[in-house]
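So that you can tell them apart, the chains are marked A, B, C and D in the order they are listed, and the count of residues begins at 1 in each.
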Amino acid sequence: MNVAVKSIQKILLTMLLALAIGALFILFIGENPLEAYGALLRGAFNGKLKIGTTLASFTPLLLTSCAFAVAAKAGAFNVGVEGEVFLGGITAAYIGINWTFLPAPVLMIVCFLGAMTVAALWALIPAVLKAYYRVSEVCVTILMNSVALYITSYLVSGPMSAGVANAQSLPVTVNLPQFMKPSSVNAGLFIALITVVFMIWVLNKTTFGYKVKTVGTNPSHAEYVGISPKKIFIQSMMLSGALGGMAGCIEVLGVHGYFLNNFAAGLGSNGMLASLIVKNNLIFAPFMSFFLAVLKSGAMGMQQSTGVPKSIVDTITAVFIIVATMELLFQFKDKKNKKEKSK
Amino acid sequence: AKEAGKTVEATAGTTAKAASENGDGKEKTGAGKRVCIVYSGNLGDKSYNDSCNEGAKEAAADYGVEIKNLEGTSAEEWEANFLSACEDGYDLVICSSSNFEEYMKEHCASYPNVKFAIIDTTVEGDNIVSISFAQNQGSFLAGAAAAMFTQKTDIEGVNPDKIIGWVGGMDIPVLHDFFTGYEQGAKYIDPDIKVLQSFAGTWNDPLKGKELTLAQFDQGADIVMNVASGTGPGILEGAKEAGKYAIGVDLNQDNDQPGSILTSMVKRVDTACYLAIQSVVEGTFKGNSTSYLTIKEEGVGLTDFSVMKEHLGDKFPEDIVEKVKELEEKIVSGEIVVENYTGFGANK
Amino acid sequence: MSEYVIEMKDIVKSFGNVHAVRNGQFTLKKGEIHSLIGENGAGKSTMMKLLYGMYPIDDGSIRIHGDHIPSISPKIAIEKGIGMVHQEFMLVNELTVLENIILGFEPRHGITIDFDKARKTVEQYINQYGMDIQLGKKINQISVGEAQRVEIIKTLTRGANVIILDEPTAVLTPQETKQLFVILQNLRKDGKSLVFISHKLNEVMEISDRISVMRQGNYIGSVSKEETSPAELAKMMIGREVFLNIEKTQTKPGEKVLEVKDVWVSGEKEISKIRGVSLDVRAGEIVGIAGIDGNGQSELIEAIAGLRQVEKGSVLLDGKELGGLSPKQIRKAGLSHIPEDRNTRGLNRSMSIKENLIAVQVGEAPFCKGVVRDDKETLEYAKQLSEVFDIRPRDPEISTQSLSGGNAQKVVVAREVSIGGKLLVASQPTRGVDIGAIESIRKILQEVKAKGMGVLLVSADLEEILSLSDRIVVMHEGRITGRLKAEDANEDNLGLLMMGGTASAEERGSTT
Amino acid sequence: MDLGKIFSVSLIYATFRSATPIIYAALCAAITQQADILNIGTEGIMLTGAFAAVAVSYLTGSWLLGVVVAMIAGLIMAMIMAVGHIRYKAEICAIGMGINLFALAITKFLLNSALGKSGTFSEPGIIAIPRVSLPFLAKVPFLKEIFDNWCITEWFVIVLIILVWFVFYKTVWGLRLRAVGQFPMAAQTAGINVNSMKYRAIAISGLIGGLAGAHLSLGYSKMFTENMTNARGFMGVAAMYFGGAHPILTAAGCLVFGLTDSIGARLQAYGVPSQLVLLMPYVVTIATLAVSMASKMAREKKKKSALAKA
């Protein structure tokens, strides 16, 4: 059977199953599942604000899922995307606030470059430890996320504090234009989309992509044909970091307009989730990110407009995700095919 | 730089208690009014957010207004919830914490028909009322009480060291406003008192709070003030477990670990919330007004020590209660000026 | 009771679109050694894996001792007395030899392992068959030959009376093969039935009672040893005559392309550390390194290729010092390298033939424009190489995952000899490859030499060393124990040197 | 700064106390890791256990029952993961993260609906895991101070570390488990059912994860709070990597973290910016790991060197 039809079928059946399990929960607390699901859809898509909100939460996920996948292609399990988002964000904020001697368009570009550079350097640490000392990058990146959080938290409640009730920085002087107001979706969406398309192109069409794939699938072979696994591993971790940093920069310049303490909580892990569900396939990852963004804003919508408590909404979201991870419907099809063949 | 001499609303003088007395016997004038409260966290922290929710519930009971609570744990959710509340035609949107400050500045003007209230900070706007608290004053009393208590060596668990503790949640400016008052209060009683300060770095890890509290006890403190929202229950439990003492915050937490909590520094978030709803129901809502609830307005203060009194019996040091009363008066009269952390205070 | 211990009838097995076995027939009599031969990818391993229950069969029937077994798993197979020594050793590196042997059948002491009892049982078998095995070592510390014996002991301790050996000799030296054959003969004497898979027809002729031939998943026929000859078997296997003894082309050696001067290299094991080795290779000659596997040959090759650090001494390629150069720079300097392990080093099994063929030229013209890869050029080039080197199937787009051993090896060889370097290092170039492929790979090595490349050949197969090399050096425990001209070498004197025996003073290499 | 007050005897217990939940979590992760399964779901399993323990202890008044039910709850969560991963081919880390989200939501939901509370549940009716002092230690002056009044689950974690070590390296099951993790094909050819081993590993991991949760809510504290694990499960995974899934090295990693954490808790009082103190345990753990790996590599390199005297 056609692969595309098959995957669509899989997705639809997965959704149905998840919806059915979710419905049980909703019935259990005595609400109407249809109404709740209606609210979920409305929450994600009804009107400019909701669509905008969905797109706004889609934007960073696009980049963080891509960041995770890029590292995974080289064989790294980069849990540290979240920390990279934080550091990218704080750098963008620092530059955006202080380097006002630059003309706005240049400043904007410098913000991006700075954010990506700092985040890439941050990712360099676990990469080097792994490549040269075989220190597990999973361990180091989990720990480094907390470090990144505390560093940024220190900066915005200390040296970079805006002096208001919250731990946040002064506003940046350049902003990515927002559209679909009042939601905070902004030009970052397009930057992210273009970046992801570019990354797909890089990994599939360029020499670098070939090298990454080689290192990720067989480092020993890579070394033998003259591709340095260490170098490529480090480069893709840094690339991954840069993508995370870019997400942070977009959040600061596009969404908040300043650095807000702990703003990236969950952005890294959700991106990682999106990427993992599709087994780090860069082409599917954006769709999964979108699905997660829809779930997220739909869940908020459900809370906003029905009596379904947030815990139920979150439970249903989790069930959706668990079901989505399973490839069972694929398997089901394969088995059936085989049976038909052997007959 | 804000202009000085801003009006401190007199209406704030009414406390929630007084207000609810007024409310009694009234018909539900607020029926049909819809109020949305957006939280920067979840309900159930037994502290700040719950206090706010309590005020809302009281108002709902008194006026029959419809309340919608929107919880959110990330900045993204806060903004989305806030905007959704703006759009969904509520009469009043209450932003429960300073986390909403920027969103209000950005969006409130676009919704001239919606009334907004923000608690714990000040935002200007024709359709906004702001209510904040002199947490430094309340903390001053708590610090004074703690400083006296730590020297009552006849009470079990109290050591002769002149050391008291303070554990906060996240290290953010508003918490430093608490600490400033707390330290000042302690030193006022005895300049030799040493105040230990720790931050858990999180609002919702009671175990971390407990660990920090136990560490402060190890270092000689015997009473620790909790300013940590969801991290707080751990602080209180730590006191109980170590056989030492704690001071609660926001809500009256004296009964959470009875016998281990000297008093609670109550911050009447419930009053603030109640007042905001009341003003909308009664039509007294006046945009661009700021209320700064101090001891005078009973916006902050200590609980009446009754739980502790019951627990300690004869050993209960009555002088603390008296001293606290005295200090209260001195603060109200202006004899004692409690310092603020930069960026806080009535004229902020 | 049937006369056969094993009967496999009308077996069919496919993996996706690959029809590994179309019409498989196999029978095994009690107490016989039955060889199964065929080209790479003929389906030999698959047949035996099916018997061992590693995958379910699509169709056909399997009888063991006359009983029809409807569905079989390794556990059932083991219970029925079947043991299998797999082509790739099924040994867990991080565990000790003893732990590997008892895995799955551990003698117990409550919930703990009764290591004493285990050791006793295993030692009993070791003594019975006179094998040399150190039970306490970890797998990554023992030689391939020893690992092979561990695998055999493993089947014996589990009470196997049918033992399948899938290409057991591919990695062994002649001496080790001889030892193995003694063991196999002993096993047969004890009434065990053996299945022997090999690509070496002389071995097959030496050891078997009966021989079955497969081709492209089909059963071709069975013959008894007395009634056949290597030539006939080869013909049955590939349908034509094969000539393995290639006429050596005589060329005049030119300049030194490789000089290894007193090189010291770290090793995985004590005996594989290279301690002061010197040798050189001239353009237009083949220098063979003979030696028992694991005596430092791999380390030496890796050091030359820049994959392992040279701790002392120097390596010059075409006069250029290689010390401190990266593998890529060394390749640029003129190195071609056929590695001993095609599966992890030589190929990237998750990529296509096409991609593997240009693996060392990624990022070089004409396979890319700027940073972008040029798919068209790559495909053109790959098609051409597939044609020249007879890589089957002929479609360069398919994954190397499903290639048979011989064709996989041809991909490596094709890539390495087509980049036109100055020196070709060929490590075990025909290991585990069928005779058709052996023939063509050996021919290619001769051609390469004729074109003026220097070739450094490492092989555990003495016959290969003798038939290809112009000069031979022998390695033992990381040192060179002898240097011989091809004319002076024979299996006997080489074998002696390989075991560490001393050669006469003139033959011995000086280290400076 | 008063060093005596920081490095006091109580620091030892504090270190151990704050490391214990992470040790439990790390053991939970180590068991599946030996079968080559990365248990990212540790966090969720633990959280479920924490909730179940408190709920059952409160409702029945028995801490033991609470612990048992917590372990069963952990088991259930783990089995969802196992079936999803083995039977339905879910990416193990993806479904693990799904489990974490699910645990977070479902415990909150049950807290609201079954116990009628939100946020924190800390009723006096919760019966905590008892604390005991070992009588023979009570006589030794220095040890007495350290080992005074430990929670049963704190004692037990020591037993568990040794037990897990024993199971991994001394038992039949452990041998098979490691074989499955290191070379599944070899295990299969040895007649071992690889999938059933994986199921069992995940199941046991679930039991330990549940116990980890029970310790958190009934031993370390006496309450349940939403998300009370607060990334301790992830820390456990990190510690498991720190020790290469070896129970003793893993526990050592946890103790390094616990020690710096406890020193930090004492240092904060001296006006060091809180964030800098809070990030210290993470940095120290990374540094320790990096140094130990680097020296291990140096040793290996020396061992392999041809220049070394044999």
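Keep in mind that, in the parts below, contacts are C-beta pairs under 8 Å (C-beta built on N, C-alpha and C of every residue); 3 or more make two chains touch, one makes a residue touch a chain.
The model shown is predicted, which means the values in this text are computed figures rather than measured ones.
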| item | value |
| --- | --- |
| Shortest chain-hopping distance from subunit B out to subunit C | 2 |
| Subunit A and subunit B: spacing of chain centres that average the CA atoms, whole Å | 36 |
| Subunit A and subunit C, separation of their C-alpha mean positions in angstrom | 46 |
| Interchain centroid distance [CA atoms averaged], subunit A/subunit D, Å | 28 |
| Numbers and ranges of subunit A residues touching at least 2 other chains | 150, 153-154, 157, 310 |
| For subunit D, residues contacting two or more additional chains | 108, 111, 273, 275, 278 |
| Contacts with 2+ other chains: residues of subunit B | 42, 171, 201 |
| Pairs of chains, among all present, that meet the touch criterion | A-B, A-C, A-D, B-D, C-D |
| For the subunit A and subunit B complex, residues of the former touching the latter | 47, 49-50, 53, 56-57, 150, 153-154, 157, 161, 163-168, 182-184, 255-258, 260-263, 265-266, 297, 300-301, 303-305, 310 |
| Residues on subunit D engaged by subunit A in the complex (per definition of touch) | 38, 80, 84, 87-91, 93-95, 97-99, 101-102, 104-106, 108-109, 111-113, 231, 234-235, 237-239, 241-242, 273, 275-276, 278-279, 282-283, 285-286, 289-290, 293-294, 297 |
| Contact footprint of subunit A on subunit C as seen in their complex | 58-59, 305, 307, 326-328, 330-331, 337, 339, 344-351, 355, 359-360, 362-363, 368, 371-373 |
| Sites on subunit A touched by subunit C in the complex | 205-211, 213-214, 217-218, 220-228, 342 |
| Contacting residues of subunit B [partner subunit A, same complex] | 42, 68, 70-77, 79-81, 83-88, 98-99, 101-102, 106-107, 110, 120-121, 170-174, 201, 342-344 |
